[in-house]
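These are the structures, in structure tokens.
Two complexes, one shared chain (subunit A), two partners (subunit B, subunit C).
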Partner chain A sequence: MVEKAITGEKRAFMTGNEAVAWAALAAEAEIMYGYPITPQNEIMHYWTRLAPKYGRKFLQTEDEISAGFTTCGGVLAGKRAFTATAGPGNILMQEAMSMAEMLRIPTVVVVQQRGGPSTATVIYSQQETTLTCFGGNGEGLRIVYSTSSHQELFDYTIKAFQIAWKYRFPTFVLGDGYQAKMRESLYLYNPEEKGIPLAEPYPFLGQEGRPGVEREPSHLRNTYNTEEELYQIISRYVEDYERMTPEVVEYQASDFEDAEIVLIAHGIVSRAARAAVKALRSEGLKVGYFRPITLRPFPVGKLREIAPKAKKLVVAESAQGQLFKLVQEALYGETVPLEPYFKPGLGITSEELVEFIMF
Partner chain B sequence: MAIVPNMPRSWRVETKPHKFCPGCGHGLVLKALGEAIDELDIQDRVVFGCDIGCSLLAWDFFNVDIVQTHHGRTTPVMTGIKRARPDRICIAYMGDGGGYAIGSQHLVNAATRNEKITAILVNNCNYGMTGGQMAPTTLPEMKTETTPYGRDVEETGYPTQGPEMVAAIAREGAYTARGTVANVRQLKNYLKKALQNQLEEKGFSFVEALSGCPTNWSTNAKATWAFLEENMTKYFKVGEVKVPVKEEE
Partner chain C sequence: MKGTVKIALAGEGGQGVQSVAGIMVEAANDEGREALYIPNFGVEQRGGVSLAFCQISDEKVGAPKFRDADLVIALSDRAVRRTRQYVNKDTLFIYDSSIQGIEDELPRNAKKVLAIPALDIAKKELHPRVFNIIIMGAAIEATKIVEMEQAKKAVEKRLGYKFAQNPKLRELNFKALERGAELVKESLA
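Presenting the complex of A and B:
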């Protein structure tokens, strides 16, 4: 038995990428497949240093297409396998994740968003929201956690494995370059000691016994012959997804009971939003706060409960309306006005949100 | 009394007759492969991956575990499985488009890393499933749907010589060969050696199989075999290209 990566609870001060590597170790991820791209590189750097000490594996592939598909292979083989990427790498990764959707392969992908479109910046943005939620030629049958701190990167990376394997949908942890590169304090812990269940992997292929003799062979395909056949499969997946939704959907909401304005943000921008709400409240303004943690599935129910009571919703994001579209869709039919605060590829501070709402 | 055809033990009888076109070479390649699996007695360890294109029709062909992947992506999927479960015998089965065009980076890099998997590539000089377009292996002057006046090598280059390319890249321990459905016994022998190479963990193994496509070539049986045995073998030399050096006795 290989030594546990973490025992007890440890206070740490580290980068988000390092926190992800420790989380994958704590979640007992067995193999990482990856391709270099900034700002996720240090996830691989820490993993490659730590993994051999705990009997874990790593493969550096020829590109993100291969990183995505080898990750699918690792999961098919019955291992907690994961990869990490960003920006143009995330685009290439979508091909494999589309296969993961179709074959219900519980892959885990950590995305550290960088600027877009194209190569753009290596630094930060929230422009991979749509891509991560809906990438591929399908219906976006995936789970996307948008984290806002190092503690959350650690918590949700562990959770991503468990949820992916439980529901068998590809699962993403959506961070960004700020979270990736900044240092912050957090607690590292062993999830089992806290009663947090670990993923229970099993092989989809390569089980014991002679196929066709001692057991049925596994024959997995993503190609179907007729429209009806495909429709039946997708309908069943959608049903599974909708049944799962109330069990996995997560959000943060505060100060909304009497709020005239509700500030909506996700990921690291939600920290600025929360600070802004606090500042505005101290000025006597009735401002509330809503943050979807799962962008897929989106916390539609809670938002629809909060929104009609407000006079206005402000959506702040480091993209040109990618979260805004999700909010709009969730609130279809409601008449409460939505006001955008879009800064594609740019960080957002609490001060500017305070100013925007006050004036 | 109905005559029961002699099928390899690892074939899945329930999915026969198979789904390939009449006269297609895939059935013969898969027969050779089935026999190789039987003779090595590895049916319960094989994980078989097939690509997109005609090769996908093999998705339920054997009584072995199978995953049908994306176009060109079978090599990385099987690499991922092998890295996670080294005790499995992983076979990536693809066509010439999958291996030499859209998935060429995966073939090249799997060979470079000497991945302990076996790639089998069926070369029929065109894209069969999509209706007979030019493939990396289309012969000079050969007519296809996207080269209706014949392949112009000035415009589109010369056909890919896969086993030679892989042999040039792969390290010692790799096995590469080119067989043909015109000589199934020899092809089986190559496939068996390729799988043996994986079993012995020596390195990457790669076998290209020359094959016919009467549907898209618009050829009858005689013309199909003539093209396969005369035209194709002039450009694509049948034989072993790289074999691991025998250890000292």
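Presenting the complex of A and C:
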């Protein structure tokens, strides 16, 4: 048993990276594997500082390919294991995450997006949306939570472990450099005291008993001999994913009932969008707000309910249309016009969104 | 005071802009208010303009960065040029009076532009090391985001371990806070 890191509820004022480290402790994560990259470094720093105090472990690997595969290994051994990365590290990690999809390994990865492509900036972007949702040579059978505050980084990191283990799909917490580095308040708590269930891990390999005689064999395959065999497996996974979707999909929506324009954003940009909607409403403009929290699976149903009532949808993101594509796909067949507000690699303020919509 | 106070602080790396921003938001948080601080960071280890965005509010803060600041404090010529973009008609723009040759580059659309001799006072009256604490005093007087007593507590919290070794530093820092506040009070009077 690991030692409890948090008892009761505490108000804290810290960086997002620190909040993630505390969340992983609160979720009773047992080991982090990692390789440093800005802006996620401090997740590792805080974890390495905190982990020994609570009987947890850390392994620094030689790169992100290894960090991804060792995380898979930790999970196969029956541990709540996680890693964190950003940018080029996220690219390298996709190979392991592709294997996690194939073997249904419930890995947890925290991504703090930086500018791209390539090294680009160490600062911020929302350009890892497509990569995190669909990276790998597969179908994107993963769960991606896009957070917008330190409270959400804390809440969804805890949740990521539980959901990953429950459904056995690789799960991602998609933050960004702003969330990583900024300081704001949040409440740290012990999830069990609030009735929030923890992940229930079990070993995939190395179980007791003779396989095939005393227990079911663990038959984990990422190689198939025939097309038909693979097709059958992937079809079953897609069915599992679709069955899970209504249970995990999450969004925020407000002011949409009478809205002529609906502003759509995810992650940190949704804060600017929300503030802009408030400001525009106070000017008498009928503007609504929609934010997908899960980017995978995407909250298609709610968006399709809201969209036809509006005259226009504005999609704002710090990328060149990565959220836009998800929205477009969700709304296929609808005729409501979509207007882009794309700032790849650049932060978006509420002031500029107000101006964009007003003029 | 209106809902959210937005402050942009900018200076050269090493002038202590980020420390001041950190202490100010900590003070506000300790008063039970909502605060958000984000440093502008790049790949450089030192040098370049160091910029800090702070917001203090009675409710949860929105986007971490903003375009229109209530207060801009610029501590070098480059910082003046860099921060002009955060000025609008409601902005108080403060710069250090020792900065040379920027008269033509000061913002013209600000509510008010103030030059304060913080660097001069730090060198002559106090100590160059407390230059940033003078700036903090000025920022607090200009925005009233926290009480002076709360600001002192936050400085104590951050630098207490140094004060324990040399109690004169406490006096020096508190004096710096008060002098910074006086500079703004006199200029706005």
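Convention: the second predicted complex is superposed on the first by the 347 of 359 C-alpha atoms of A that agree within 3 Å, B and C clash if a C-alpha of one lies under 4 Å from a C-alpha of the other, contacts with A are read in each partner's own complex, and residues count from 1 in each chain.
The rule we apply is simple: a contact is a pair of C-beta atoms (placed from the backbone, for glycine too) under 8 Å apart; a residue touches a chain by one contact, two chains touch by 3 or more.
What you are looking at is a predicted structure, and each value in this text was computed from that prediction instead of being measured.
Engineer: After superposition on the shared chain, which partner residues are touched by A:194: those of subunit B (first), subunit C (second), both, or neither?
Structural biologist: neither
Engineer: Taking the superposition as given, does A:31 touch the first partner, subunit B, the second, subunit C, both, or neither?
Structural biologist: first
Engineer: Is A:121 touching the first partner subunit B, the second partner subunit C, both, or neither of them?
Structural biologist: After superposing on A, A:121 lies in contact with subunit C but is clear of subunit B.
Engineer: Considering only touches as defined above, state whether A:271 meets subunit B (first), subunit C (second), both or neither.
Structural biologist: Second partner only.
Engineer: Just subunit B (first), just subunit C (second), both, or neither: which does A:70 touch?
Structural biologist: After superposing on A, A:70 lies in contact with subunit B but is clear of subunit C.
Engineer: Touching A:223 in the superposition: subunit B (first), subunit C (second), both, neither?
Structural biologist: In the superposed model, A:223 contacts subunit B only, not subunit C.
Engineer: Spot which of subunit B and subunit C makes contact with more residues of subunit A, would you?
Structural biologist: If we count touched residues of subunit A for both partners, the winner is B.
Engineer: Counting only touches as set out at the top, which of subunit B and subunit C does A:178 meet: first, second, both, neither?
Structural biologist: In the superposed model, A:178 contacts subunit C only, not subunit B.
Engineer: Do subunit B and subunit C land on any of the same subunit A residues, and which?
Structural biologist: Comparing the two interfaces on subunit A, one with subunit B and one with subunit C, no residues are shared.
Engineer: If you look only at subunit B, which of its residues touch subunit A in the complex?
Structural biologist: 12, 43-45, 47, 52, 56, 59-60, 62-70, 73, 76-85, 88, 105-106, 108-109
Engineer: Spell out the residues on subunit A that touch subunit C in their complex, using ranges where they run on.
Structural biologist: 13, 39, 121-123, 149, 178, 181-185, 268-269, 271-272, 274-275, 347-352
Engineer: Touching subunit A in the complex: which residues of subunit C?
Structural biologist: Of all residues in subunit C, those touching subunit A are 22, 25-26, 29, 34-43, 60-68.
Engineer: Which residues of subunit A touch subunit B in their complex?
Structural biologist: Per the stated touch rule, the residues are 30-31, 33, 57, 59, 61-63, 65-66, 69-74, 76-79, 81, 95-96, 99, 103, 203-214, 217-223.
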